[in-house]
């Protein structure tokens, strides 16, 4: 009763056993690295405060571009390997095995369907980002580590096409509308709700979501001081490339894993 | 001397022994789950910074609607099962066994008396919420996770009916006046003091108190940027229903328990 | 080398041994409780972020009103029983035993000399309080838990009487000037430097310093929202009495000790 | 798999073994203290949030003023003794042994070349400091503990001489341009990027970087309240001397080491 419950983590053998479930046999040979990194991604995003009780992160199946992996309905801080479920690009579970899926899995499905260059999607409600979804104040990169969020970050309002809702992205049509607003950009804000960040890999999507929040926090502090000078379009493009070079990407992935207490995968 | 004092938590057997005290026999059969969750609620609210040294949370007795449970006078971070005391709806202790009650237990008593739909009450002084009690700036839900706080949050000022006081709600009359201002809403602010949040269950009251603070913090950051767009009344109603669906409620309860290091009860 | 250094704390027996040093024999019989609480006070203030590398807290000797106890020059987070030194009301060490005293011990000496009602003094640089020392914005209690800071908090500027200095209170004359500005109040701010808070006991001085910071933080957030309504003078007086009642004082002392991992003493 | 990876720290013997690598024999006799302190400096800066995934700290070789030590490309939170590499004042590695160097090591090289009085350099992106790099709002010391940052803090913009870049200081020419803007000051801000802080010792550079952030945070909170009164030039000079006296410097070094869980070296 109120006994301390420490984070239980699947050891190597148990994890493989989990993978040995029939529906996972196909994925077992080459997918594990992606799935292990997906677990790490969940823990990192929770540890950095990018997600709280809510929010989720997915990865496209490296062997089947029409599928993606996402946790069952569970807070990212708690996600383990056998919570991961596979979905198609309409958001239907391939083999649910009784597990309940996130209601908003269609955000991921619709973005993967629209963007073949995207291999990972983060959806979150980072507190520092939320003010930019409700004030009309644009969120633009002002520091080089945040160049990866991109020069343009559109704001999507579910009400525009769907009227008064419970604010959640529940149907594939809503997901497609969000993906259309995201267009070719890296991040999209959602009015009174949160954001989505995409990347060509789990590491990129995770770092983009983290530095979207960092940039938002810097901007929140800078705006009362004067008019912040944003990076130029060329600086953003060049800096984003540098931030996603192995030199910078490996260093930051190792760092965020260590802080979250997870193996880099 | 200055030796480390680690959180001591009642184990299962000791907890049952505590329950075996004469006055608890009646409650022992079906109440324990509520009481275990009440201990968890105390720890969660402390861990999330919703309460500090002060603040408290109660639950209506599931077997006797004229009674409610609340800790003895102790900071929520430290509350254990045998700190819980039972009170009637005037705030009188049923069986104090020498324990000292919170001075402000009448907040709970008066709200339970006025609102048969309420089964749990949180009273707190969350720092982010306090600015809204002293500036006339209304606290309205601007993000969907906070829709549960409700469309209208009145502000109560003890001075209006009781003049200069020590700011504490000490008499049942003061409690009733607060409950009258709360009326049919979910939250009420108290000028220069704090807030009360109510719910149909412990989980709902706790999550409402947490997201009242989250919403306040988002609003504090958004206000210097422009005029924040609030959720519409219909969005609030629909979203609150979604946030209190088992899908969302179970996920967040598990999450906040894990962060606080307590068993979900 | 970069090996983890965990907080080493004097156990009971070793602590008594430390007290058995000749100069401490007199104090040993009735002072220990005050000294143990002084160690706890150091740790609490560090844990709550009221002090960082700098800042200090003292207690008047309960057996000799012309003496007070204060740590040797050491950050409060690290203070142990045998760091405590005794001083007279000019700031001279009674028995230094080779230990180096804080340069600003005269703050304590001068306040004890001027205020026979004061039995404990905290000097600190809490970050939330500092803006009020340099902007002319008055720091007034706006929430009831902070009523203990008092209705009037003067600001002292060392430059007024002593010209350009290193900003430190180094001479007993400077200490007396500060004490004169404090006058009969509970807190005094120091321009570009920090604050001092006094109390009739260690517990009161510590809680006053903590809630001075809480109130400053609430005010920093409230000021951009509108004109915060302060507590009235009568509300401050009545509420301060309630906050220092055993019901509230014991509860918060137990809480802050638990958070700091120290025995309540 | 997602198993907890605890900070692995080199024990004394293993550390010496690392030093026994051929290229380190010369340094082994008198350099170790500096190198141990350099590891501690990395951990302290990470623990205080002055650096995150990015940022670095170096020390000039005490036996050869034309050389300096800096970690291989790794986040400061993770740096161990055998990550340290030696460089010349053009930024070329003396004996890389397969290790990858930070891209921005030329910041350090150029400053050591330009400033014989500097023995340690910190480069970082502290979030509180960043708003001052993009708004034109000057960062001036307003509290005495931050006097060490100096009266004048210039802002360098890489675009002025190098046009659109990836914002990183990659060439020795860029490093020299930054060093020229730093001139004889202690800190320099970099537009949309971060800052560099220098010192006559590791301890001084580290404390300067920490209090640069503290001062920035105080100023961010003070600016909305009114016009903050800065310390006068004479107060800054006198106070900086006091803050770097052994009394203050040793106390704060011990404190920051304890917080970071590292041996003071």
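Each chain carries a letter (A, B, C and D) given by its place in the written order, and its residues are counted from 1.
FYI, a contact is a pair of C-beta atoms (placed from the backbone, for glycine too) under 8 Å apart; a residue touches a chain by one contact, two chains touch by 3 or more.
It should be emphasised that the depicted structure is a prediction, and the values quoted were computed from it without experimental measurement.
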Check your understanding: Which contact partners do chain C and chain D have in common?
Key -> none
Exercise for review: Using the contact definition stated above, find the chains touching both chain A and chain D.
Suggested key: none
Practice item. Look at both sides of the chain A and chain B contact and report whether the same residue positions are involved, with over half shared, or different ones. Key: different
Review point. Of all the other chains, whose mean CA position lies farthest from chain D?
Key: B
**Study point:** Interchain centroid distance [CA atoms averaged], chain A/chain C, Å
**Key:** 46
Exercise for review: Express in whole angstrom the distance between the two chain centres, defined as the mean CA positions of chain B and chain C.
Suggested key: 32
Revision key, fill the gap. Multi-chain contacts in chain B, i.e. residues touching at least two other chains, fall at 7, 224
Check your understanding: Chain adjacency by touch: line, ring, star, complete or other shape?
Key -> ring
**Study point:** Residues of chain B defined as touching chain C within the complex
**Key:** 1-7, 52-54, 73-75, 77-78, 100, 103, 125, 127-128, 130-137, 159, 164-168, 191-194, 220, 223-224
Review point. In their complex, what parts of chain C are in touch with chain B?
Key: 7, 9-12, 15, 36, 39-40, 43, 80-81, 142-145, 147, 214, 217-218, 221-222, 224-229, 231-232, 234-235, 238-239, 241-242, 247-248, 251-252, 254-259, 261-263, 265
